[in-house]
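Each of the next two complexes has subunit A plus one other chain: subunit B in the first, subunit C in the second.
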Partner chain A sequence: MEFNDIVLMAIKLGLVLIPFMLVPLLILMERRGAAFIQDRPGPNRAAIPIFGLRLRGFGLVHNLTDGIKLFFKESFVPPFAYKPFYLIAPAIPVMTAVLTPSLIPWFAPISYAAANGVVTVAPSFFDANAGILALFALGSLSVYGVVLGSWASNSKFALLGGLRASAMMISYEVSMGLGALGLFLVVGSFSLTSIVEWQANHVWGIVVQPIGFLLFLVSMFAECNRNPFDVAEGESELVAGFHTEYSSVKFALFMMGEYCHIVVASALIATLFLGGYHLPWLDTVAIKTHLGGVLAGVLAVTALLFLAIAHLVHGRRKQYATLAASDRAARSKEYGFFRALFVLAGLACLGGAVASWLLVKPQALDLWHEGAKVYPLRWSLLTAALQIGIVLAKTLFFCWLFVWVRWTLPRMRYDQIMSLGWKVLLNIALVNLLVTAVIAKAVQS
Partner chain B sequence: MAKLVPRPELTFWERIYFVEIFKGLATTFGHARRTLTNPAASITLMYPEVQPDIPRDYRARHRLMKRPDASPRCVACYMCSTACPARCINIVAEESPDHHIEKRPAKFEIDLLLCVFCGFCVEACPCDAIRMDTKQAILAGDNRADFVVDKAKLMDWDPKDYPDTDVQSQKAPGGKLHAQALEEFKSGTYH
Partner chain C sequence: MLPELNAILGPIYFWLFAGLATLCGGALLLCRHPIQGAVALIGVMLSLSGLYALLHSPFLAVLQILVYAGAIMMLLVFVIMVLNQGLDDRIPRFDAYSLIGLALPVLLAALVLNTIGDSRSGIVEHAGTVRAGLETVAARMFDTAGGGWWLLFEFGGLILLAAIVAAVMLAKRSLDTVADDDQPHHEHAGHAERAAAVAAIPDAATVGRSTETFVKPPVAGTH
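After this line comes the complex of A and B, so read on.
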């Protein structure tokens, strides 16, 4: 194994952990998003005192304190629980959360010149021909955690939650599979990499299969146990549903598994229907030939984002300064610090944009591989980094959609969920599949 | 008899539910955007950096009024502790050295954990000796004993914290009217 291979393997292994890294961000998004939608400021009290500042980090410190609290709590097992299953159950959603992202292509396949000719690196850790099938299979395993946990808890509330979760998963798995099947008919492959490549060469999946996209989206909400389908928890009816008897780090694992599931589901939707790492007019070849310009554009957008955040922080600082009867000094200092930080970050990004516009001019090697020029490895890696950024941006949009919908729609009643799943979505999915099959056949012949 | 509430007639687009979801999403996004860009739109008070504005007539922690010589104006008549529905006022009377006054409180304790802040003591007092206008609405302590306020604590207030128009408060030592009377006394114009 060459050094380059090891590095690329390590990078891909790191990408597998993306859902875990996004969990704190997602919790923050959930809490602050919920707060903003409800006209509240949200949790922003926990702070780290450092250098005479009380840094609250936009509420991120709350995640830290929650984590510390949950990890140091007594790991209590109810005496009436069936201990082996009770302890295994929270690990299952986390396990699937580690396994599923290894199937998602985060970037376009990289080709680079090695000692023994041109080497192509697969875009996902585990690039199977039956990628999407493996992903569905693994993703569906996470319900085992819920069912096993609820059964082993030996509590009626938990058992009811688990029953609902399993029934709902089975119902919506059908329309999820059928919703995505239309796309596979059009593309003609189960490999996630070739699905994304097909979308890059033709059009995005959402254009070919708009109904399939909606079916898949709705089913994904049910799969993730999210509002309006979160009857498995159903606080108003079932205390806390399947994790009623769980506390401390076991509860944290359930929660983490749930959020990881959301990230994976978002990445999957982005990959299947929104072109994955592809943007219109920005396929891999275009990025590579205009790498400097594209990098400059991305950095400029990032700079604008940072400056916008600095502007928001500035607005909050001004608000404190005008408030009567307020302790201004500490807050002004903190907001001033964050404003300076984001302005500096924005300026650094702008500088980076100018520098990459002027300096990044990749020269292709005199090698051809599968109809495309081969570039040196560093430029290919930079392209891959940009594409990872594109996937992450799309993923985060869908994560926000999950949060957004949760605070918009009321929870559906259990029988309504069932009738929606079996009487409406399934029929639409079948008709969609039939029409797609007929059209696909007609176009083919 | 049960009142029949007619179900609203839904149009086709409402019954299909899908369009309404996007309308709802637009509404919630509007709220999120507004609160994000304009924090003043949120009605949440940033306590404790920003303190709530307590109205003048709010029934807060009690205080005992003072005579110009800084002694309590209370005559230990037990009217307040009799009127108190929570029985949180504990008074021990003693003879006043001033024979015009007859009695004064040796001990005047209020258990704020028992107090229901009804204001009956203020109503019952025949000489305006007890008031509930300190605006101290947020009470905190580490143990129960911290919440039993004694005479000294009840009389530990500053006339500067009360408006100049509050005649009774300003007559207490440190008050404007008190200072004015002292000036007049010195110059011999006091009557």
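After this line comes the complex of A and C, so read on.
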């Protein structure tokens, strides 16, 4: 096994953990997003005192305290629960959350020159032609976490929540599959990599299948048990639904599985309908030939973002200065620290942008592979990193959409959900599929 | 690098999945609660999917999970949860007739062992040929020159649809009203009333078991 193989394997293994790494960010996003939409301050109490500063980290410290609380809480198993399934159930959503990212292409296939010719590395572990089917299969397995957990809890609330959730997820899986089927019909492949390649060569899926996109999006909200479809929990009716009887780390696993599911769903929507790692006029070849310029552009945008955050922090600091709060001095000190941090980060990114504009000039090797020049491995890896960033940006946009919808729409009643799924979405999906098939056949012949 | 690794890991995975499938199959026969049996059956299906993947049939492996473990078993678990039946203690797991059933797997095992016989090393496929991949299955099914199977496949789908419609029709006592089985049944209900209550449970007809097992206590009890 060569060194390059080990490096690439490690990178791919790291990508599998992306949903886990995004969970703290998503929880922060949820809290700050809720606060933003409901016009309140949001999490702002927990702080880490360090060097005379009280660092609150915009609410990130609350995640830390949550973790500590959940780990040190008593892990209580109700005496009436059926233990084996009760203990297995929280692990099932997490297991599917670990397996599914290995199917998503986070970057274009990497080609590099090895001792025995050009080697191509697939962007995902399982890149068979049935890639998207495997994703759907794993998604359908994650329902068992809810079902077994609710049944094994042996409580009425949990059982009702589990029944609702399983019925809803089964119903919406139908329109989810049918919604995406139109796209597969147009592309002519189940492989996620070739779907992204098709979008790079033609147009994004959302342009070809706008109705399919909406169907898929709505069904994904139901699959993730998110508002307006979160009847599985329905705290005003069912206490906490299927995880009423769960506490401590087991509860945390359920929550983590849920947030991982959101990340995976967002990544899947981005891959299927928004071109995945592709940006318009910026396909893999273009990125590789103008790597310095692209890198400079990305870093410049990042610098702008950092400076914008610094500006926001600066404004908030001025706002605090007018308040009669007792900890005014500590707050302005903290915000001053963050302002300096973000300004420094922005300047560093600007410097990096200039440096990459001047210094990054990749030379292609004198090798051709599948109609494209082969570059040295380090430049290919840099391209892959840029593409991972593109996918992550799109994914985070949809994650924000999930949060946005949750704090905007009220929960739907259960019968409304069922009639929407079976009487509206399914019919639209079938008609959409029929029209797509006719048009695809007409265009083909 | 990969071929040697496959040669080492292949048999390990084979025995793992085969053992798991056998274990879960045994559990399915022995479990006293329907939901335990259902989970055991899911275990069998997942192990079978692993075996298909070992045989270079990724499409078949994925379909096994998607259709059987993901859809059919999900529906079965759902029905079990709706009925929420208790432990099945009335029917013994084994009796004299089980011996007849025991003879069949022994016969099958003898046949299989006789067939693979001395070519024991060939249990795990090493050939890089994809057997039931997406393309091979699609080419076989939509083979327009040689007839293909797509028409039969569509007919199969139609028959399933007709079966579902028929089940709904059987479950409903009349076309206008929904079969209402959620009316409280009285504790001292007579035989006729009990029988009517059993008949009103919609899944008795669809699942096709004897209605005997669906008699439940008046208040839906937990296990």
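The working rule: the second predicted complex is superposed on the first by the 442 of 445 C-alpha atoms of A that agree within 3 Å, B and C clash if a C-alpha of one lies under 4 Å from a C-alpha of the other, contacts with A are read in each partner's own complex, and residues count from 1 in each chain.
To be clear about the criterion, a residue touches a chain if its C-beta (ideal position, glycine included) is under 8 Å from a C-beta of that chain, and two chains touch if they have at least 3 such contacts.
Bear in mind that the values here come from a model prediction, so they are computed numbers and not experimental data.
Aligning the two structures on subunit A places subunit B and subunit C next to each other without any clash.
Of the two partner chains placed by superposition, only subunit C is touched by A:D5; subunit B is not.
Shared-chain residue A:F251: touches no atom of subunit B or subunit C.
In the superposition on chain A, contact of A:W151 is made with subunit C only, not with subunit B. With both structures placed on the common chain, the touch criterion links A:Y414 to neither subunit B nor subunit C. By the touch criterion defined above, A:L133 lies against subunit C but remains apart from subunit B after alignment on the C-alpha atoms of chain A.
Of the two partner chains placed by the overlay, neither subunit B nor subunit C lies in contact with A:F337.
When the two structures are aligned on the shared chain, A:F20 is found in touch with neither subunit B nor subunit C. For the overlaid pair of complexes, the smallest distance between C-alpha atoms of subunit B and those of subunit C rounds to 28 Å.
Subunit A has no residue lying at the interface with subunit B in one structure and with subunit C in the other. Within the complex formed with subunit A, the subunit B residues making contact are 21, 24-25, 27-29, 31-44, 46, 48-51, 53. Touching subunit B in their complex are the following residues of subunit A: 33, 35-41, 312, 315-316, 319-320, 323, 325-328, 330-331, 404-405, 407-409.
By the touch rule above, subunit A contacts subunit C in their complex via residues 1, 5, 80, 82, 85, 126, 128-130, 133-134, 136-138, 140-141, 143-144, 147-148, 150-151, 154, 159, 162-163, 166-167, 170, 173, 190. Listing the residues of subunit C that touch subunit A in their complex gives 1, 35, 39, 42, 58-59, 62-63, 65-66, 69-71, 74-75, 77-78, 81-82, 84, 133-135, 222-223.
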